[in-house]
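Beneath this line is the structure, given in structure tokens, with notes to follow.
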Amino acid sequence: MIIVLKPDCSQQKTDEFCRLLKDNYNVKVNTWNGVHSTVLGLIGDTTAIDIDYIDAQDFVESVKRVQEPYKKANRKFHPDNTVIELANGVKIGDGSLQIMAGPCSVESEEQIVGIAKSVKDSGASILRGGAFKPRTSPYSFQGLKAEGLDLLKEARKATGLPIVTEIMKESHIDMFESVDIIQVGARNMQNFELLKELGKTNKPILLKRGLSATIEEWLMSAEYIMAGGNNNVILCERGIRTYENFTRNTLDVSAIPIVKSLSHLPVVVDPSHASGKAWLVEPLAMAAVAAGADGLIIEVHNDPAHALSDGAQSLTPAQFDKVAKKLFKLKDALSREDD
Amino acid sequence: MIIVLKPDCSQQKTDEFCRLLKDNYNVKVNTWNGVHSTVLGLIGDTTAIDIDYIDAQDFVESVKRVQEPYKKANRKFHPDNTVIELANGVKIGDGSLQIMAGPCSVESEEQIVGIAKSVKDSGASILRGGAFKPRTSPYSFQGLKAEGLDLLKEARKATGLPIVTEIMKESHIDMFESVDIIQVGARNMQNFELLKELGKTNKPILLKRGLSATIEEWLMSAEYIMAGGNNNVILCERGIRTYENFTRNTLDVSAIPIVKSLSHLPVVVDPSHASGKAWLVEPLAMAAVAAGADGLIIEVHNDPAHALSDGAQSLTPAQFDKVAKKLFKLKDALSREDD
Amino acid sequence: MIIVLKPDCSQQKTDEFCRLLKDNYNVKVNTWNGVHSTVLGLIGDTTAIDIDYIDAQDFVESVKRVQEPYKKANRKFHPDNTVIELANGVKIGDGSLQIMAGPCSVESEEQIVGIAKSVKDSGASILRGGAFKPRTSPYSFQGLKAEGLDLLKEARKATGLPIVTEIMKESHIDMFESVDIIQVGARNMQNFELLKELGKTNKPILLKRGLSATIEEWLMSAEYIMAGGNNNVILCERGIRTYENFTRNTLDVSAIPIVKSLSHLPVVVDPSHASGKAWLVEPLAMAAVAAGADGLIIEVHNDPAHALSDGAQSLTPAQFDKVAKKLFKLKDALSREDD
Amino acid sequence: MIIVLKPDCSQQKTDEFCRLLKDNYNVKVNTWNGVHSTVLGLIGDTTAIDIDYIDAQDFVESVKRVQEPYKKANRKFHPDNTVIELANGVKIGDGSLQIMAGPCSVESEEQIVGIAKSVKDSGASILRGGAFKPRTSPYSFQGLKAEGLDLLKEARKATGLPIVTEIMKESHIDMFESVDIIQVGARNMQNFELLKELGKTNKPILLKRGLSATIEEWLMSAEYIMAGGNNNVILCERGIRTYENFTRNTLDVSAIPIVKSLSHLPVVVDPSHASGKAWLVEPLAMAAVAAGADGLIIEVHNDPAHALSDGAQSLTPAQFDKVAKKLFKLKDALSREDD
């Protein structure tokens, strides 16, 4: 950590502050005097230092971290890729391409089993489906809830596909015991109480990036889960909020290589929510795979026009089949290239 | 709601769609044919219509709401200002200026009682203080928790000031029973499960705007609470996330008159979090009052340099006293003007 | 164009306004009465209507365009792709992948000729290089200017590669007569005087997207050039400004399929400026090609560490060679897929 | 400037790099070794160092400026406020409140003279009016151009009010010789060629902040003008682009105190463009004055509904009179407070 002091900070204050830093945080402090300012360099483990505490000093001009504030999620300390293996042997993060597919909301047994069979035939290895739905409006359909979870399990039984579905409060964790991957939605990325509780389980967690979360904040949310002992975190880029309003969100495709550089965790991409438009799913999914994503999560609905939520961004099974074929071919071509 | 169909939508499809809209949503549908597109106008209560459902139709080019999607929070249907009265008779939303002040985190009885007395002397009518703290890092101080709540009550007993403090999960609602105003933090603005539970209480709720929430989404979150039966919502603008990185957030001062125009709910402003810098609190607080805010929530700490969290943006009691005096004088001048 | 009137707009005002619209703009006006508002639908050519004029009426609640405000750049009216052919037969927009490569700034004959030969060998078909450099600081190197243009021509003579370079003011247009593609930088995307003058030439124009331009504004800037008679516009996505600060800009990869859907103009991508980091150029370029870009513009410098500007994002010739090979292989794989 | 090297940077590379920095930039370099990284501290004048050059080194992890990159605009080196005095004795930046008012576009002699008289009566000290208009669409009204300038001079003759109007290209500078304040629009804030030419004049320049310019970039654009020898720069905050779409832009009210802290230049605020809505002009103008703005620039039109551009945000003369009265009363109250 590097601290720049204000030009008018006295020698006495500087000395006091250095002593305080050493005593409180067990770090070494190097000092050098610039033309206008004095600069302090802290050496040691600075993750416990609250950067706001430093910034609070009225004689501090600015502070900069040299070390990232996350440890367990940091590739520097865990150079090997984390690979998450599911019950059916599917591995996420091992260099393969895994596709999670299914409807935004589970609506009926017929619907979810039908879609599950269809997406499995198209190559999807994981079934997605919402049972508890976070909706902007209290007057919108909020999901089938517990019944939806049961239907997902039926679909799993029928197809062998592991299931991923969103949790919305920590008191539901028991209910999600038999879910294969628990999803934390973008709006709950900094619901720290939920993250802490999920950290006590050993379930794979699909952690969506918040609507306006920086990559560092996103990794810090992964760190919350991992700090509790659960290292099975899958990061999911789903578009960020920008001024551009043609799409619902702006897919931050650069987040894929950046996360893979900063962290050892796998990264999947949600092109459906990133764009909000079915016709953009294919090009965004292709871009994500080309940029190195470990997987995709794609909305598929047998009847998007009558979907109870988010129909606009759902592919039909036939469209999905075509897109999945292209994605696997692309992945093949990329893999050959790497040989 | 206005729906623009794509140029190539057939007459048959158009007719079917109009029938479906009438049947499902009990609305009247007007049609007119433009040069390139057909436009449908829906008349009736369209708040229950999922705009995504409409957008999902592959023959729909775009959709636009005419009516706002919130009802209980909407000034159109409740022209009079909502005024929230606290135990000590303090009213928020009645044209007066109320200042909530106190430390980011409660740290000790001495600290919180001392600050409470001091801010009361300076004119604050409500005591703020964090017991449960949402922190970006799992390694940062997370608040004194239940003990912090107890200390806040001690400070209330000592000064008579009602207290406002942040809740982080719905299972804590009972614990917050004796809190005067329950704060929902920016990161939980769309924690819908929490909002629903708070809707079942009759506590005043201070609902902070999410980091990148639109004004409409913010009002929809208020609607979540109100839909449950709790109309005591106070909206709190605390800066939004933009590309500008000199300040932690960008205070959206225009949100004040906009919210007061769209809704009947009171609006307060948090200049401390909006800027993240103590020296900006005064000018931003002045701007907020001049723009019509019903109140302010300001961080005050007896020793900001040693505050356990967010010290950078805290005023000392002496600084706060000076700022509060200026704010009340400004409010006086503005009130005289309105006469 | 659809206009929603305020609930309290009188019948008389409505009638007057409709008459005014018909008279001034030669459009047909349809009216229908909703529960709370009256809605007007305008039929005819509304591109000449200033949407702000409509919004100015104090009895207007909101306005929405149904038709896009651009005509010449609009795919609706020009369904076929625009293909731009350069002197050496290179075609942009015909389904092939064209790579423009070269240094940020031209520095010397040896440098630019050397790089030109090298990137040509690696498969680049166009040479890029800055002679006039827009720099944030007046104290930074501003380019070799006219001398830089001469050196680019030398490099063209030595390699046969057409050249693309940035113009910064309209009085330089004559000087750019022999340039093959004139680049308009992001900061000048709405320098309308420059766009108008470029519209009077018949040069291919590489129009970079502004730092915070919407896709519609970008297309309107293309329309400025085309309105003058020059249809040879190539759009260049180069990252947009968002709150995320890990990268200099955020590549908006979805802009590629969106622009190709809304417009018939070719789209190329600048992964170097989008990321500001050399190690991100490869994954972003791969993503751009997978998403359907017609070309790329990539910074290559023989000695990035000593580059006079923007070295951080430049590849060495050896790195570029490796990246270009991967890009062409990817393009091949994608083309086979389409067969 | 502080440079953090990557963990794997060899001692030899570090030494070479330090030598190169000392030789090329005449700075002293301090080194210290952290646990994971080596950090270099550069002492001396670093404004000439291209931060991208440093960042380009593949062994550099990150770079941070300690000194601001602007010198002439920097309050550190020029502690006293710059006060700009106009022909009629009006001073901007001396602690007074100056209001510039007038129509978005000059339309006729009658219009501009009428408005000029009216706003003068209401207390405005400067007349604004657009002769050359930057418009997003090539099909929109582009201003009366030279004729508009003549009409502004007529209005100045009739009222004695100095005039401010926007320039759009450097070849027009001669034509603007008799204009009192030359405005550079938001879209031209980084039209560096224009800035350089304006730097050679001694005209007061009203420099609007770019749509997505950081405060530092804005000050760097002021530096461009000042580097040429013209110190008469007035900064104008006019709202920045954010994801919020209720208003056209988001007024960054915190920019006022920040700019006044970083720089000695005066700051005025444009509440008309910041909001795009007439009813928001008053609260935003009040906020700006309360936050310390030196002036305001407000659109006034005798007939906003028929204004040829930007009518939506224009006040009528009667509305302006009421707003101006409130603003001056507020300023009075604030001034008394400061005594």
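Each chain gets a letter, A, B, C and D, in the order it is written, and its residues are counted from 1.
We adopt the following convention: a contact is a pair of C-beta atoms (placed from the backbone, for glycine too) under 8 Å apart; a residue touches a chain by one contact, two chains touch by 3 or more.
Since this is a predicted model, take the numbers as computed values, not measurements.
Asks: Looking only at C-beta pairs that count as contacts, which pair of chains has more of them, A-D or B-D?
Replies: Result of the comparison of A-D and B-D: B-D.
Asks: Using C-alpha centres only, name the chain that sits farthest from chain B.
Replies: So the chain farthest away from chain B turns out to be C.
Asks: Hey, how far is the Cα centre of chain A from the one of chain B, in Å?
Replies: 26
Asks: Compute the distance, rounded to whole Å, between the mean C-alpha positions of chain A and chain D.
Replies: 39
Asks: Measure off the straight-line distance from the CA centroid of chain B to the CA centroid of chain D, and report it in whole Å.
Replies: Chain centroid spacing, chain B to chain D, equals 31 Å.
Asks: Please output the residue numbers of chain C that touch at least 2 other chains, ranges allowed.
Replies: Touching at least two other chains: 212, 241-243, 245.
Asks: Any idea which chain B residues touch chain A in the complex?
Replies: Interface residues on the chain B side: 47-48, 50, 52-53, 55-58, 69-70, 134-141, 168-171, 187-188, 190-194, 196, 210-212, 217, 220, 223-224, 227-228, 241, 276, 278, 304-314.
Asks: Show me the residue ranges of chain C that touch chain A in the complex, using the header's touch definition.
Replies: Against chain A, the touching part of chain C is residues 212, 214-216, 240, 242-247, 250-254, 256-258, 261, 274-275, 279-280, 283-284, 286-292, 326, 329-330, 333-334, 337.
Asks: Can you list the residues on chain C that touch chain B in the complex?
Replies: Answer in residue numbers: 2, 4, 7, 30, 32-37, 39, 41, 43-45, 61-62, 64, 66-67, 76, 212, 241-243, 245.
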